[in-house]
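This is the structure, below, for whatever I ask next.
By letter and in written order, the chains are A, B, C and D; residue numbering begins at 1 in each of them.
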């Protein structure tokens, strides 16, 4: 029997990773996370990126037909990982609970409305490094908290 | 509201203009900073002169100094930054303060104090632009900028009496 | 609707059973004059399209045949290197058939063990307590469903994103596995499953599931 | 309005009204020329800072590259252009979407190489060079070289290594301005070192 939690889904956003095409973790933030990975953060980012990199090549080989968007999401018994990648290799990864449906437009907004506007267009933000801009961090945090499927209660 | 595409291209070019002003061995530390600001202001001045020459003749029918400054606040700012300045003050003795609470070269940087010490580099070109436009309109001036909390900043225009 | 393939993976990540149920053929044959306006590259003993897309030929497609004769990996039927052959203007015009490369059994083994480790990482990186490994993985062309037994055997089904009834299919496969593999005295655990009855019952179960149809929009 | 006590140059707040707004057309004109004028000031400054034209050309290309690697992200955010898998597709997107969006012109695409890995962009009017005459002591200056850097930087970010150069330039007396683009190789994105 697949492990299937029948309790009412508590809509929530767990955490978010932002990577560039070289695997640099540009940004990480979390909102409701009950379990840590048990390894240092830098190792966690490498493990996450390595997993995503492998999934990309895994799905491109496994796919029976030519793909367009490719890998979209995966889920386990307790959470769902949503994935969005741009032609420049910027990767937006958001973990939510199982009840959250496709959120491609949300991830696209994080890329175009927040990362491009407040990091790429900030002359003082060098590319390929962890983002230092506080404006980007605060706007991202505010945006995530404003999402309909973000619920503080689950904290 | 993100800027128009061509405004974005201009902003990215402006970033390279700032980089050029501080490149080419202009010295480091304060001396380098001053030299860079002067070069930036100089480039802005040339662009300001060029812009003023392309004004439709009608716009030059100003007599009043104040009207010229208002022209800067509305039309020049509109053409260059896609918005108007938010405030204009004057002591009626040739000193004007143009305030922009959302200066486009700063809006992507911060909301508050972060990058405060770097901000002046992104204002010098505009100082020169204002001075250059005024000088083409026959008004000599000195223009300085100040920023205390991004993305707001002030440009002080002091008219040199003949 | 379509169920594309089934994989059974043992505790150590070894592939012990694999079935291709439905593999749509996406192929395109075209005659080219010299020089070839597609960029080819060698990858895993095959010649693939690296850049350039036209008339149904896509990046990632493999050279399947030259002038109607199937190639053998990176060699032509006559044993010459495909890349060399296509680099020589004398061989033009040439008719080349391109298509999505079929997975070799070696690649299937590698992909099974890759999924095995991805499954585990999915659990390790979970932000919630008590999470299993990856149970479902979604792309725009297929959904991968995985059911892991308490004994660590993974049953993996790849199907069209809109194919329904996969959970019950996975349970059915588990029953067939215990009936026709586990209970078969000649089958040793964790080893490749070569039981005829397992094979037949599994194919039957796939047909039933495909006919059960789909849920969600579209046929 | 009461006169403020003389607090230095601090002046009293004054509500100002505008005599008459400029017609928006002339605003559009000024903003499009702003880019050209700013570019001119940049080139002039570089010619002061560097003795020979080769160094200026190199600086312009480097600055263009710095713009291109960021401009591509803005372009992708604005247009929903997907990954480019073909050089002909790429040429169309550059000429018909990117140039139109950022410079307001649509260069024509010509002179395809037989292998489809080289083409030319023909610009009837190069917006960078309005009102510019090249002084004769700068004969080997490639005035618009920034454009080559922008294209090279942007395409590199989408995994295409390309060579971009001017082969004709109206500034040098040619009939049109022609930018030659040659596909070198596809850049595979690989795993950072030290990964499993």
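A few points about this structure:
In this section, a contact is a pair of C-beta atoms (placed from the backbone, for glycine too) under 8 Å apart; a residue touches a chain by one contact, two chains touch by 3 or more.
As the structure is a computational prediction, the values presented were derived from the model and not from experiment.
Contact count check for A-B and B-D (C-beta pairs in contact): higher for B-D. One inter-chain figure worth recording: chain A and chain B are separated by 40 Å, centre to centre, where each centre is the mean of the chain's CA atoms.
Annotation: 61 Å between the Cα-based centres of chain B and chain C.
Between the Cα centres of chain B and chain D there is a gap of 22 Å. Look at where the CA atoms of chain C average out and do the same for chain D: the two points lie 45 Å apart. Chain contacts: chain A has residues 50, 68, 113, 121 touching two or more partner chains.
The residues of chain C that reach two or more other chains are 58, 117, listed in rising order. Across the assembly, chain B contributes residues 8, 12, 15 that each touch 2 or more other chains. Chain pairs that touch one another: A-B, A-C, A-D, B-D, C-D.
The touching residues of chain A, counted against chain B in their complex, run 113, 117-118, 121-124, 133-135, 138.
By the touch rule above, chain C contacts chain D in their complex via residues 34-37, 39, 50-54, 58-59, 117. Chain B meets chain A in the complex at residues 2, 8, 11-12, 15, 18, 108-112, 114-115, 118, 122. Contact residues of chain D toward chain C in the complex are 85-89, 114-117, 160, 183, 186, 196.
Within the complex, the chain C residues that touch chain A are 2, 4-5, 22-24, 26, 58, 60-61, 100, 103, 107, 111, 114-115, 117-118, 121-142, 144, 147, 158, 167, 170-171.
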